[in-house]
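Residue numbering begins at 1 within each chain, and the chains themselves are lettered A, B, C, D and E in the order written.
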């Protein structure tokens, strides 16, 4: 692993990226002329009005959609190749648990696929269930849990194996503030410990500012990046950092960016 | 908890309400000993950790679940009878649009069922589409919209007809802050104009405080009410009321209540 | 004109040429009858059709008709255009069968559906068990055609002289490669195509009169067909709605059928009747009780007496 | 259109296999005949002989093609020897039976979905009814109907309806029950009447199942009509051709009728598929 | 006349009872679940009995249920032999072979869109071939014993199961597939852990349809040639002898066996696809 900060190639590099969906009533420009570099160990939040292409961009990084213009590189390779190397952990906007597997079974799924030993599988399942506060629910089936619990299970599933890049699409959308705070802290700890690169979609400005090293503000029709904000906050972030001046300044800038994006289409 | 001077009977009255799901591995106590009165014109928010029974309680009010203990009255009748009188507008936690209808068709659905005239139907559809910022999307099918846009369409559907009681289950969960602020304002305006009674589930403390006349804090296992906070805020609420002392105090009390609920099961 | 419906035992073919000729040549019309001929098939039990009121008169084999009579369906033979039977068992010589003594250990194809009584009577007479094994014969329910012999799935199969036997020859097997047993010659012959009606209806003088005219015209048709086989075959072809029959085969069939009808003026010969009944009774077994006692009143000369006057 | 090449490839493969099978299955007879005539035959002779037998065990593709050609184009379509004529006889009964059967099937499904007593009592018997061998009771149906004066196309159509109603019931019950809890709950909050729930939710969401059921039902109706033709005395229709072919050992005739039947079924299924495409497109379901 | 009245009263009474039972609180218990269709069946039988007796329908056209019951009681050994021959040897073996082959074929062609596009239209075409046409041919090819019956059954069940399985293997939703894609799961892993489980509701649809087809196929094939035992043999022979009571005895056995077969497959379905919304009672 290259640990030098600036000479290493970016983990994710998009240049002139465009993605157009062909629908029955004309093309939809979900992404247009997107340029972005994400370094190893970055925690990048994407924020923007609904329909601005956040999900689409995350999907393109994970090679689930294929750009129609420009280039996109992950670890210096194509997203497809990076996926082959099992670089991704992905949390979808909806939980997407397999209904025929228990919660524990769902979390075990990636571990089975990646060939972890049986004992290790069980151990990891226990650990991540605890992390998302679902200990004791391993034997339930997805439809027996509330929406928020399902969402937490799907986060646990993505954390169970050690993906180099974690892509999370509004993972905490269905959770209340307390759990959210707690999971935010846990996520930061995990990130600090492992140096993962994280792409994170959220609608909450405080959350974006609290978590990120880099905040990407997007705007719709066509989906594009309107601002990229490098956070001046230190890596160590207690919860009360949210009252600091820097925090409030960054939040303000994000809010302005968001508002600008909205006024575009009015 | 009757501290109002109002002499009119409550719109919603729950006494010793309990609801237990029988599952293959034992009963789940989704609600236990819930006592609550909601007056006409109240704006009540429900807040609490995931799995604490918020959705279940809303569903019970709309006669979609049937309590296993205690009594529940709506407008002095059973929830079933109230439903016959078409008292409810309901926004579900997931959008739940019918895939074979366009967005406009989906919004028209309740209007058709309640027998509105054709011309009035179209007019109302236009109006609510504008309200949720989806003008021009009427002819699209649900799967052609992003998650947030679908959620807004489902809100429009519930607003299209004049239900006396509006029940909303995390309606703004998938929306960004700007849109959320805007819809919050619109909702308050609508409420002020029409005097509807609104039940509102949210995970956002500021949102709950900003909107409500009454905040119900719940806690899980078994699902019950731990605090009911009457808001001292005036009916007229500009956005910057959120910086006022009262606001911050109420928010603090809610946060404490929430935290307490969490510590219960730890 | 009075309408009469005739239910055949089998599909439209020269086996029933007499009726089709009578229809086509206007013999029925001359008698003031409006006759409908319903073809049969493998799934049609004429006895059931007449019981259900779907026909006034049916063509049936005597064994089946007597069995039905014992089952409570009072059928009466009013005419017997077929003097002889055409049922045979034909075997490939190469299987080593030369006489009935060679049957044990072999597989025989038999038609069921009410046509199996002569076979069981014969086996009973020969004392050969029909449950398989080295001392008995293995019986197969034969389908509608001669494939089992050609495909060597059976060593012997049931044939009618006028139909399936011709098909075997047609397929390219020569008569000298075959050994054929005629049930009649083996002493287990049974009367084949006769005309049957419901007993109680005969009490109705109007119906009786219709039948008299019907039998008269039918016999006229039969005699015409015997004399003009090629024309009769063509008439059959014209009446075949399925369009699947070939003229050559129907000509062959007509010539063979003519041999069977030749000896009959339409009236049932009581001696033939007795032989059929005796053969049937000789074969009574628990599994194949065609009849268990001598039938009474199963035939009448009333119609033919008047018709042939 | 994309499937033209794959279909042609598979058809070519099937024809090749078919020829091989014809040689293999028909050679027995050639060898037997040679043995009876005490002659030696070479391999090429055997293959040559198997190509154009009069009563082949398996007729070769070109024999069947010729039979089909003869049947379809060899004569006027009003002729009794025309396959088109017989196909029409069968098709008319099939269509009538299909309409009766699917109509009854949909009505029964609606009843089952809306009435608990019907749901619990009828379904097991609908299943049992399909385990009764139709070929066994078809003659009885024909006789019984004839005895109350119903003859002609109707008895055939009834049998065809009997076979086609079951897949429609099963499919439509599933389809009418396919709306999920939330979709149903939504209408409950509107206090929609049962008929509104039916027309606005159950019926539209059952559409994919409806068309699938229709397709299966159409194929079943055809089988029913053919079965119904056998006990009517094999008078006319594809069933009669099959049977006659069987009596007289005319294998080619059987195969031509068989292929014709499959063509008729394919045309019906294709037509339903076309309607399905248009309907689902208008409902925004074809993505 | 009396009998006709009995028929009418039986019908109304049975139905009223069922309506009450199915709306009673006990309606979801297993006992009532069995009782209701039984009552319905009994009323049907009573109506049948009433009509046959009341209208004096001759035995050679339609026997009364009591006649049939007596005949069943008197012919148990024959019915058993026929059942073994037709159901166990013919239908069951054909069912297992046909469904197994269809399942394996579906998985094999699943990887090749080319084969799918080529084979499925032809599969539908072949599935439309009426068995009455195929059965004589297969009897000619495979002989008179149960092998040819099994072959007919194989031909009948193959395509329904194939088509359903192929459809089921494509029934996963996008997000479920995307999840596997992010793991870069191999084809085999995706098949085993996602597509086969998701396909099960469809596969069982095919398997259930195939149960009724299997029995019908085996019986009908016997009409075109058979040894002198078997349900189809007995039915066709006894019709010719006008023993309609025996015919209906066999039909009864067929209906019982077929329903039981269907029921067993449906029970297995319930166990395997417990997670599917149609099997869960959430309402």
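Just a few scattered comments:
Going forward, contacts are C-beta pairs under 8 Å (C-beta built on N, C-alpha and C of every residue); 3 or more make two chains touch, one makes a residue touch a chain.
Just so you know, these numbers come straight off a predicted model, no measurement behind them.
Steps from subunit B to subunit C, minimised over paths through touching chains, total 2.
Counting hops only between chains that touch, subunit A reaches subunit D in a minimum of 2. Common partners of subunit B and subunit E, by the touch rule above, are A, D. Averaging Cα atoms per chain gives one point for each, and the point farthest from that of subunit B is the centre of C. Ranked by how far their CA centres sit from the centre of subunit A, the chains are topped by C.
No other pair of chains shares as many C-beta contacts as D-E. The mean-CA centres of subunit C and subunit D are about 35 angstrom from one another, to the nearest whole unit. Distance between subunit A and subunit B, defined via averaged C-alpha coordinates, is recorded as 29 Å. Put simply, the C-alpha centre of subunit A and that of subunit E have 50 angstrom between them. Separation between the centroids of subunit D and subunit E, computed from CA atoms only, is 17 Å.
Contacts with at least two other chains are made by residues 57, 135, 139-140, 143-144, 147, 230, 246 of subunit D.
Counting partner chains per residue, subunit A shows two or more touched chains at residues 94.
Counting partner chains per residue, subunit E shows two or more touched chains at residues 61, 136, 140, 223-224, 236, 239, 282.
Chain pairs recorded as touching, per the definition above, are A-B, A-E, B-D, C-D, C-E, D-E. Those residues of subunit D that touch subunit E in the shared complex are 2-3, 6-11, 14, 25, 57-58, 116-117, 119-125, 127-137, 139-140, 143-144, 147, 166-167, 170, 174, 177-178, 180-181, 184, 219, 222-223, 226-227, 230, 238-239, 242, 246, 251, 254, 257-258, 261-262, 265-266, 269. Interface residues of subunit B, counted against subunit A in their complex, comprise 23, 25, 28, 47-51, 55, 93-94, 139-140, 144-149, 151-152, 170, 173-180, 203-205, 255, 258-259, 261-262. Subunit D makes touch with subunit C in their complex at residues 28-29, 32-33, 36, 54-55, 57, 79-82, 85-86, 135, 138-140, 143-144, 146-147, 230-236, 240-241, 243-250, 253. Listed in rising order, the residues of subunit D touching subunit B in the complex are 182-183, 185-192, 196, 200-201, 204-205, 207, 283-285, 287.
In the complex of the two chains, the subunit C residues touching subunit E come out as 42-43, 45, 47-48, 51-52, 64, 67-68, 71-73, 112-116, 130, 138-144, 147-148, 151, 153.
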